[in-house]
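Here come two complexes built around chain A, the first alongside chain B, the second alongside chain C.
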Partner chain A sequence: MEGVLHQFLSGIASGAIYASVALALVMIYQATHHVNFAQGEMATFSTYICLTLINAGFPYWIAFCITIVASFVIGVLIERILMRPMQNAPVLSSVGVFIGLLLIVNSLSGWFFGYTIKSFPSPFPNHEMFDGYVSGHELGLTIVTLIVLIAVYLFFRHTKLGLGMRAAAFNPASSRLVGVRVGWMLALGWGLAAAIGAVAGIMVAPMVFLDPNMMAGILLYAFAGALLGGIDNPLGAVIGGFVVGVLENIGGAYLVGTELKLTLALVIIVGVLVVKPSGLMGRAVLSRV
Partner chain B sequence: MPALLEAKGLHAGYGETKVLHGIDFAVAEGGVTALLGANGAGKTTTLRAICGVIKTQGEIWFDGARIDGSATETIVRRGVAHVPDGRGTFMELTVEENMRLGAYTRNDGDVAADFERMFGYFPRLRERYHQQAGTLSGGEQQMLAIARALLLRPRLLLLDEPSFGLAPLIVQEIFHIMRRIRAEQQMSILLVEQNASLALDFAEQAYLLETGRIVISGPAAEIRQDESVRRSYLGY
Partner chain C sequence: MSEQQTLGAPSLTAVETSRPAGWGRWLVAACLLLLAVVPTVSFDSYHLFQFTMVVVYALAVLGLAILTGFNGQISLGHGAFYAIGAYTTAILMYNYDVPYWVTLPIAAVVCALVGFLIGLPALRLGGMYLALTTFALAVAVPQILKLNALQDLTGGVQGLTLDKPDPPFGLALTTDQWLYLFCLGVTVALYVVGWNLVRGRVGRAMMAIRDQAVAAEAMGINLSMLKTRTFAVSAMFTGIAGSLGAIVVAYVAPDSFNFLLSITLFVGLVAGGAASIPGTIVGAVFVEFVPNWAGDLSKAAPGAIYGALLIAMLFLMPAGAGGLLNTVWRRLGRR
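Entry: the complex of A and B
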């Protein structure tokens, strides 16, 4: 029983990471109706920036903040330069660009920072907490991620800019007619998604170690979480991320073993798509013929 | 009376399909101008052209400046509000959020007072304030669309078929409120309507569009007397 509780709490910690990446995926999906396959690689790149800053002597939290801002800017630039010309392109062209972006960012990470696996520091106490149920880092990352998720929620719910961004994603034509600068809202959405991904990358790096492919598996879990909750529902995606984290840990420990953990993500993806494609909290897409 | 909006030799269309073939018209400051015509004559296209939603050729002047070629957001920020066909409701958002979006460009402190004014015109919106806008009836969505446009505090209001798809009683109610709004607020209106009788009652000036060309223009009262208009559009 203690083992289950331990796995459950670890699952919440990994779930926090998946939830953030899932939220980033959903934000881009709502605005563009495409899944940003490069979301994970962008987060990895951001994590490298943070490590470089820390190695250059910046205190951890200063490096953290600079990285978040830099990632935001990179996200905005990617939208302005790469995605803007693609806004009326057919689906396959967009998918091609996303895959190209994934490969480019992945290679850039390797080129700039090397392919060797690096360890990444944690700002949280190194000892076990609550009678050994969670590590200090797991607890810390869960708190940081929850703060980010709540801040994003409050931003979208209670600020004018957040409202404009939601409106631009839902209904660009009407948004223009009330004076919302839709193009900039989409760019801000990319920036925000990149920043959220950067937090996830920095927080997960001490647990999984940093290499250019660090986020590949995590993106898969996050995608499973987003699909489970509903790819067009931010709250659903966050809940889905946590659920996938818990399932992964408990399933990995008692059901399939650690080697087959990633398979669980794929099973969830296929399962959701077969049984309930709109996810648990998503809207079913109906079209009249 | 000086014209607030003036179009000269306006061409517009969708891709290869040309819809407007060089039309000229003007909307007087403070007046209501109606754009009449059958389905497919180019009425909605004209409104879209003014707002820069579609590509145009020719000149469009608003308040002494050329606005053709400007981005929609820029034109809107100059004071042109558009109640689009299909009403343009933000279905996923609440009525409150829809209204807040109407006032999106404003930074003055009168927004709260304007919200109250809208509830005065459309009490239904207060009842539905926290409801998702997609659940509103067609008439309620039309009221919401008008409120959203008015909250911009526009100088020019473009109204696209406010009667479309609504029960006659609701249409009457909406036009009744529109008269009140006209009397109380300083703005000009360009009204597109298929229901010519309704539009000619409401407007001072009118233009009749047929397949992308203006065939008749003049004071609404005169156009009402026009033999061909009476037969084709008023039905008596």
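Entry: the complex of A and C
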């Protein structure tokens, strides 16, 4: 029983990471109906920026903040330069651009920062907590992620800009009529998604070590989480992310072993599509003829 | 040399069913025939190997084109079917001493079946969901192949090393030359099948689903069934390409079928232009030669050049090389 509890708590910690990445995916999906396949690589790139800053002598939290801002800017630029012209292109083209972006960012990470696996510092105490159930880092990353998630929630609920972004995603034409600058709202959404991804990358790096392909598996779990919760529902995606984290850890420990962990994500994705394609909290897809 | 002659067949059917033959089309067919023979006699074994891989990739990209180009379903995981085809052939040859040519139909059936099963849930929904599911499949496949429980069958991380087959009937060819002709023959035959499939009744139904799903359904097309069957056919084509690939390379290992392979096929599709059968050949040439060239150009970041080329193609020529070929082809027919 203690083992299960331990796995459950570790699952919550990895779930926090999946939840953040899933939230980043959903933010872009809601606004544009595109799934950003490059989300993971962008987060990895941000993590490298942070490591470079730390190595250059910046204190951890300063480096953290600079990285978040830089990632935000990169996200906005990507939307402005690459995604804007593809706005009305067929799905194949936009998927192609995302794949191209994935290749470019992955390759640049390796080129700028090297392909060797690097360790990443953790700002949290290293010792076990609560009778060894969670490590200091796991607890710290869960808290940081929860702060980010709550901040995002408050931003969208209680600020005018957040309202504008929701409006732009919900109904671009009407928003434009009441004076919301839809194009910039989409760019801000990209920036926010990149920033949230950066937090996830920085938080997960001490656990899995940093290399250019660090986020590939995490992105897959985030997909599974987003689908499970409903890909058009941010709250659902966050809950889905946590559920997938717990399933992955308990399933990995007692069911399939570490060898098949990625396959578990595939099974979750296919399972959701078979049983409830709209996810737990998503809306069913209706199209007007 | 029957393989070369059948290469002209696609253009024959095209000409017979549409309009009187323009001399330009015959010229193109003749040139293609000549081009297909050239590598056999005049290339050293390394370049011949590259051309054999072009033929193999062409078949794999054709499978993807049938799905994405003509049916509008996006797959980012066709490398998985390539892997399944390759492993079916390798396991049969290595563990059960089955002759290499017998493994092709078996791999075809296996891949079609797996494709059908994967497609069944994912195809009920829009394009993004299928892209997601196949993405997950592509990432998961190497892990499944490395599985300890299957190690006796698959050779685990080490993979399986195969023997290259000798030319039959005492033909005076080297092994590489024979393999090239063998792959060319299989691929040309399957191109004819693919061409006829796309131009026929089923092909029109596939394109109707791509262009206007609701109208297609109203006309009595069973959407999910036809989409799933298209997926199965597409998986079968790519799977056979995987089989040929395994025979040619004479080696299979989990890490040669990673996510990058799926990306490679996808890039080939985009380069060729999704809905173009001749374009798939251009796409195959692209994915075989451009990575080497990108590697020469920049040792540090070949992936960045590859990705930048992909994005540039999407921006500058969304119809791919196939769109260009199509225009030329029509001009030639008109004369």
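Keep in mind that, in the parts below, the second predicted complex is superposed on the first by the 287 of 289 C-alpha atoms of A that agree within 3 Å, B and C clash if a C-alpha of one lies under 4 Å from a C-alpha of the other, contacts with A are read in each partner's own complex, and residues count from 1 in each chain.
Note that contacts are C-beta pairs under 8 Å (C-beta built on N, C-alpha and C of every residue); 3 or more make two chains touch, one makes a residue touch a chain.
None of these values were measured; they are calculated from a predicted model.
Engineer: Is A:A173 contacted by the first partner chain B, the second partner chain C, both or neither?
Structural biologist: Once the two structures are laid over each other on A, A:A173 reaches chain B alone.
Engineer: Given the superposition on chain A, which partner contacts more residues in chain A: chain B or chain C?
Structural biologist: Chain A has more residues touched by C than by the other partner.
Engineer: Looking at the overlay, does A:F223 come into contact with chain B only (first), chain C only (second), both, or neither?
Structural biologist: second
Engineer: Applying the document's definition of touch, where does A:V35 land relative to chain B and chain C: first, second, both, or neither?
Structural biologist: second
Engineer: Go through the superposed model and pick first if A:I147 touches only chain B, second if only chain C, both, or neither.
Structural biologist: So A:I147 meets neither chain B nor chain C here.
Engineer: Regarding the shared-chain residue A:L163, is it in contact with chain B (first), chain C (second), both, or neither?
Structural biologist: Touch partner of A:L163: chain B, not chain C.
Engineer: Scan A:V73 for contacts with chain B and chain C and give back first, second, both or neither.
Structural biologist: neither
Engineer: Under the stated touch criterion, which partner chain does A:G96 make contact with: chain B (first), chain C (second), both, or neither?
Structural biologist: It touches chain C, and chain B stays clear.
Engineer: Please name which positions on chain A make contact with chain B in the complex.
Structural biologist: 160, 163-164, 166-167, 170-171, 173-182
Engineer: Considering only the defined contacts, which chain A positions touch chain C in the complex?
Structural biologist: Residues of chain A touching chain C: 33-35, 37, 82, 85-86, 89, 91-93, 95-97, 99-104, 106-108, 110-111, 216-217, 220, 223-224, 227, 259-263, 265-266, 269-270, 273-274, 277, 285, 287, 289.
Engineer: Tell me, which parts of chain B touch chain A in their complex?
Structural biologist: So the residues of chain B in touch with chain A come to 51, 53, 71-73, 76-77, 81-82, 84, 88-93, 97, 100-102, 104-105, 148, 152.
Engineer: Over in the complex, which chain C residues touch chain A? Could you list them?
Structural biologist: Residues 68, 74, 76, 118, 121-122, 124-129, 131-133, 135-137, 139-140, 143-144, 146-148, 214, 259, 263, 266-267, 270, 274, 300-304, 306-308, 310-311, 314-315, 318 of chain C touch chain A in their complex.
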